[in-house]
Each structure stands twice: as structure tokens, then as C-alpha cells.
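Below you'll find the structure I mean.
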Amino acid sequence: MLNAYAILKKVREEKPLIHHITNWVTIYDCASIVRAFGALPVMAHAAEEVEEMASIASALVLNIGTLTPTLVESMLRAGKAANKKKIPVILDAVGVGATKLRTESALRIIREVKLAVIKGNSAEIGVLAGVKASVRGVEAAGLQGNPIEVALRLAHKTHTTVALTGKQDVITDGKKTMLCNNGHAMMGCLVGTGCMAASVIAAFCAVEGDPVKASTAALSCFGIAGELAARKARGPGTFKERLYDSVYNLDEKTVRRMQNVDEV
Amino acid sequence: MLNAYAILKKVREEKPLIHHITNWVTIYDCASIVRAFGALPVMAHAAEEVEEMASIASALVLNIGTLTPTLVESMLRAGKAANKKKIPVILDAVGVGATKLRTESALRIIREVKLAVIKGNSAEIGVLAGVKASVRGVEAAGLQGNPIEVALRLAHKTHTTVALTGKQDVITDGKKTMLCNNGHAMMGCLVGTGCMAASVIAAFCAVEGDPVKASTAALSCFGIAGELAARKARGPGTFKERLYDSVYNLDEKTVRRMQNVDEV
Amino acid sequence: MLNAYAILKKVREEKPLIHHITNWVTIYDCASIVRAFGALPVMAHAAEEVEEMASIASALVLNIGTLTPTLVESMLRAGKAANKKKIPVILDAVGVGATKLRTESALRIIREVKLAVIKGNSAEIGVLAGVKASVRGVEAAGLQGNPIEVALRLAHKTHTTVALTGKQDVITDGKKTMLCNNGHAMMGCLVGTGCMAASVIAAFCAVEGDPVKASTAALSCFGIAGELAARKARGPGTFKERLYDSVYNLDEKTVRRMQNVDEV
């Protein structure tokens, strides 16, 4: 049985450094959520320093939300440096399927970097798995097949843990599959929760060697905070404020009571 | 008579995709406000993908708040791709008049892209209209002439709808002119409300073919949310939170009662 | 005796324009805090416009939080333009010591630009002073020697005012040294407060010619707002909202009562 709180506790105790090469839209919130969870974020994207920064980090997030070819080069460099040191690398495949640049860059990163987790919404994971899927900007707009099969297909194809986020999150390494039902519809109304989820996954992967357990615990804890935040939120403004407070205050009792995870 | 709520309703129903090439300061808030209004934001600036992204969008925002020559090239590419598909393009002329790069880039975009709306504060619009105006950083600091005449002058010169924002917003295509008196002084104390206004205009232009009506409805709805947010705000922190909540909760009754728009 | 409120009052009355070349993580919050303090922020980083923008500003912030070699070139250009006009330049040495690029870039800026203030945490200042110090990402993780001596050493070495931030802030030009005990532990839990502090220092330097007084007053006022914000905060979400409201509402009575500054 997954003990999400135990992994959260390790994040808070070890305060791992999470290096991000990410997009310019949600960069602040990625850093903030990592900090609210008790880890230390650092953002650095210059080709001249990413290898050095990745090498001292405990996990690396590659988020292609506002990618450029230059940024992708930095991601490859950082990813390879992280691989050398066995530091887990998390790819957030933002907008894959919307443009050729995104799809090809994600596929190139998957080929050239050994990833711990590929994270995306159902359509992004679908596109990477070679399934018919439609992406509208950075939103999932359609998927042929069911999310569990699609996630399994990409996991088998890439020998990597896949975290497919949605109303129900599917996390699988091709052998073990976990489903997380935590979260709240308000999270979909707030820009950046998808990117934040990838950053939280990275923080959990920094302290837990099994990427399936780490990703599931991360999505469960983040989702629980979302459920708590939604309770008295009057809109995305109050929801966001409460989301940060809820993450910061997550305690063992609450996480144990609210954790909603199944292994299939 | 303008029915601002009817256009807002269409935004919520159609959830248009709004592609932004924008600045790094307010990029998150531009995305967030679009989402709070019920539309879908996407930010993408790499020359390699902007034509593809603009082509699948329902409106395009070009905001020169932290421009570089490379970014301006992406804006021109995206703008021309949007023109081919008849997708409305909104220019936010941030800081025009403060530096040569800003003024010349805005003028070049106006020459090379068919715009639906040029949006700016009184001084920015003044500079583009060829009137004496002074800009301090990104703030209007002086204008020779009255805002209505200045907006008309630019509209005539460019054959484009102009949205001049200020205490009273002036929206004109040179024939029809609307004045919007919604809004609150606190909006001027919050960084990003100007940029957000341009993004909201884009979301409304995506569902309403008349740019004057769309822009006026957008500024009225955003302004009403600002008035509501200011009621119990204790400063820019609470104001911002309430602004998002108010946008999210705008209902027909409130918009009808508070809409403060004149046609001249 | 330092009168922090008197300098704050001047910021509010003169509304100085504060030009930033800064990082993509906290760029919005740097602008927002400057605005909440009553000054006007402007962010501009293109080599083609930074000299022009710096020349019309009242202070310039160079923050290397997500630096690239191109951005450093812009910083040098802007810094030299500011020097010509005697506009104070503040360097925020974010992450110095974490990578070679950061350390070398900061040292180059210190060599080529006449700075009013070098701001950093204890480890960043330690690295620049040539003392053994360890930086973890952008966090201070260790320092050999006491902060006052380290700050003095860098001030003597560079003939510049040094603002070393921490639980106790040390501000010194090598002759006069001030200690500021305002602030609250919650500020360390919020991403961006370090960067914001540098921006506030710049706003205060824009209206007060003595960088030691200006920096101390800035850190005291910002710290007082932090203490007020922490009172009823339930986590980083509510803390951030209250921090902005507290800054906006700081009054003479409160600042006088809470100012906690010593001259040594």
C-alpha cells in the first residue's frame, strides 16, 4: 500500500534541490509549489551553466511549455549531465501534438535522455504513444482509447514511468500501474497546475527511488491540497491562495484520510 | 445598445484558444485572466512554431512589453499566419514612445500585419497617432489633445479599431466610437492589468466579429470585475485575488446593472 | 538615527522609475513590489533598448537569477549608461557560487559597472568576498566567518555598499555599518522575497543618495511588512497576499514603532 505521507515527509526533511528548465508562463508557480512542499527550486537555462546546475541537483524538470530550439539544447545537456549522476529527470510534455516543434522536441528528449517520468495530459501522452489524440494549445481535446491503455503503451515503448494526468491520474511503468483519484475540478481552472504537478513529481522522485510510487504520492498529495483548497474557494483567486496554504499545511492525518489511490 | 454579457457568454461557451506572443512580466496573468474569463490561453513564441500555433487559434495577442528583435520576427510571422486564416490580431503597444525599439517595432507590426485592434494607454496611442505624448517606462505621462480625438486619429490613419485605455476607455474604428467608464483606480495599482485587458479583448474578438463591440464589452466586463474586487480589497494583494474571483463569477444581472458604456 | 519612513515617503511622492534587467522567475513580483511601494517598475532587456531605458530611469536593478551571456551583455550596457547619468545601479548576485557562469558574470559586472549596492545572501556575498561559502541553487548553505566581517570585506574590496540579507541584514559601505532585524521567517518560505528586496533597495536608492541608509530603510520597511503579513498568514498563499497589502498600507506610526535597526 502506498504511503504518500511518508514520501512527503522525506521531501520536507531532505529539502532536495530541484533544477528546472521550464517555460516562462508558470516558472514562478513551479518554483513556489516546490518550495511550499518543502523542497528547494532552482531555475537555470543557459547552456553555459545547466550541466553544472543539474549535477548538484536532486532532480531535474524539463518542461517544454514555451520551448525554443536553444532551450531544447540546454535541456539535452542538462538531461545528459543528470543521467551521468543518476539524478532523476522528469519531462513535462506540455503542448505535444499542438505543433511539430513540440512533438519532435519531446521525442528527441525521450530518445537522448534517460527519463524517470514522462508526464502529460491524456492527449499529450496519446500523441507520444502514437495514438490518435487531439491537443488544443496546451489542453487535451480528445483521445482514441482509454487512458490506462495509452499510458501503458507509452511506458512499454519508452521503458519509462508515465504519469498521465486527468480527472483520474494514471501512473505506470508498464508493470505496476496506479490510479490516483485525488484532485478537484478547480485545478483545471487555474493556469499552471499541470506544470506544478510535474515539479511536485520531481521533488518526490528526488527522495523516493521508485518513480511510480513517487509520482503517485506526488499527485495524491497535490490533489488532496486541491480538494482542501476548493472547499471554501470563491473562484481561481481564492483557490490559488488556499492551494499554497493547503500544500504547506498538509499533515499526516489528512493525507492518510484523503489519499485516494488504487493499484490495478 | 451593447450587450456585453452576451459576448462574455459566447466566450464561456465557445472557449476560444487565444495565442499570445507576449512579455515575460505579465505572461502568467495574461494566461490566467483569459482562463478566468472561460477561454483557453496558449503562449508560444519560437519562430519555428508560431505560425502553426496561430493558425489553430481563434485570436492572437502581440504584446511588446519585453520585446527583442527576435520576438518581433516571431510576432510578424504569427500575425501574417493569422491574417491568412482571418484570425483577429490584437496589438498591445506596451511602452511605445519609451524607446526607439518599441516605437519602431510597433509601427512595423502595424504596417505588416492587418490588426483587428491596437490597444494602448493614452500616451502610447498618442505616439502611434503622431501626437505629442510622453511615456515613462510603460506609464502614460502626458498627452497633447483629448483621448477621443487621438484614438480617432490613429483609427483613421491605420484603418484599425483602437482601444485607448485610461480612466475612461475610448474604443473606435473611426466611424463608431464607444466610451467605457467601468474600472477602478486600484487596477492602476496592480501590475499587469493593462496587459490583461488586451488579452481579454482578444478573447472577446474571438467570438464577436465587430472589434469595437468586442473590445468595449471586454473592457466593460473586466472593469466591472475590477469595481467588484475593489469593494473589500485592503491593498493590491487582496485586490488581485478578488479580481480573479470576480471575473470568474460575473453573471448576467451584475453585468447588465453595472455596464457603463456610452456610444458617441 | 535612520528615519526609514521618511525615505519611504519620498518614494511614494517621487514615484521613481526603476528599470530592471532581471530573471524570468520573479520578474512579475519584482515589478509588483516596486509598484506596491509607490514607485514605477519597467522591465526591458533587449540590448537594442537597455541604454535608452536605463537613461530615463531613476535606478537600475541587475538581477542574475536566470542569466545568459546575452543578458549579461545587456546588463553591462545598461549599467554603463546608468553610470554616465549617475543613476544608482543595484546588483542582486542571485546564485553566485552555484555555477561558474554566475560567479564570473557577477565579478565582471562588479569590475565594469560602478555599483551603488551589491545585494546577496550570506553565501553569495561570501563567494564574492573570497571567503569559503556554499550555495545550494540560490540558497545560502554555509559561510566561513561572520556575516558582518564578510560584508565589510566585500565592501572594502569593491568600494561599494554591500547589503547582505539573512535573519539579520548587514548593510555596510566599509565605514558605516547598519544591522536590520526586521523580517520574518515566512519570507524565506516565499519564492522571490530575496529578489523583491533588491528591487525595493533600488526604489529607495532612487530617492536617497546614501546607499547604506537607503538599503537599510528598504530592508526595514520590507521586513516590517513581512512581520505584519505573517501575523495572520496560514501559509505562503495568505502570506503573499498580506505582504502586498501590508507594503501598500505601511504608515508612519507603524514604521516608526516597528523599525528595528542598529548602527554598529
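Annotations for the structure displayed:
The letters A, B and C name the chains in turn, as written, and every chain counts its residues from 1.
Everything below uses one rule, namely that a residue touches a chain if its C-beta (ideal position, glycine included) is under 8 Å from a C-beta of that chain, and two chains touch if they have at least 3 such contacts.
Since this is a predicted model, take the numbers as computed values, not measurements.
Although subunit A and subunit B share one sequence, what matters here is the overlap of their interface residues, and that overlap falls short of half of the numbers used. A rotation of 120° superposes the C-alpha trace of subunit A on that of subunit C, rounded to the nearest 5. Measuring from the averaged C-alpha position of subunit A to that of subunit B gives a distance of 33 Å.
Residues of subunit B in contact with two or more other chains: 24, 28, 240-241. Listed in rising order, the residues of subunit C touching subunit A in the complex are 23-26, 28-29, 65-69, 95, 98-102, 136-139, 189-192, 234-238, 240-241. Residue ranges on subunit B touching subunit A, taken from their complex, read 17, 19, 24, 27-28, 31-32, 35-36, 40-46, 48-49, 52-53, 56-57, 240-249.
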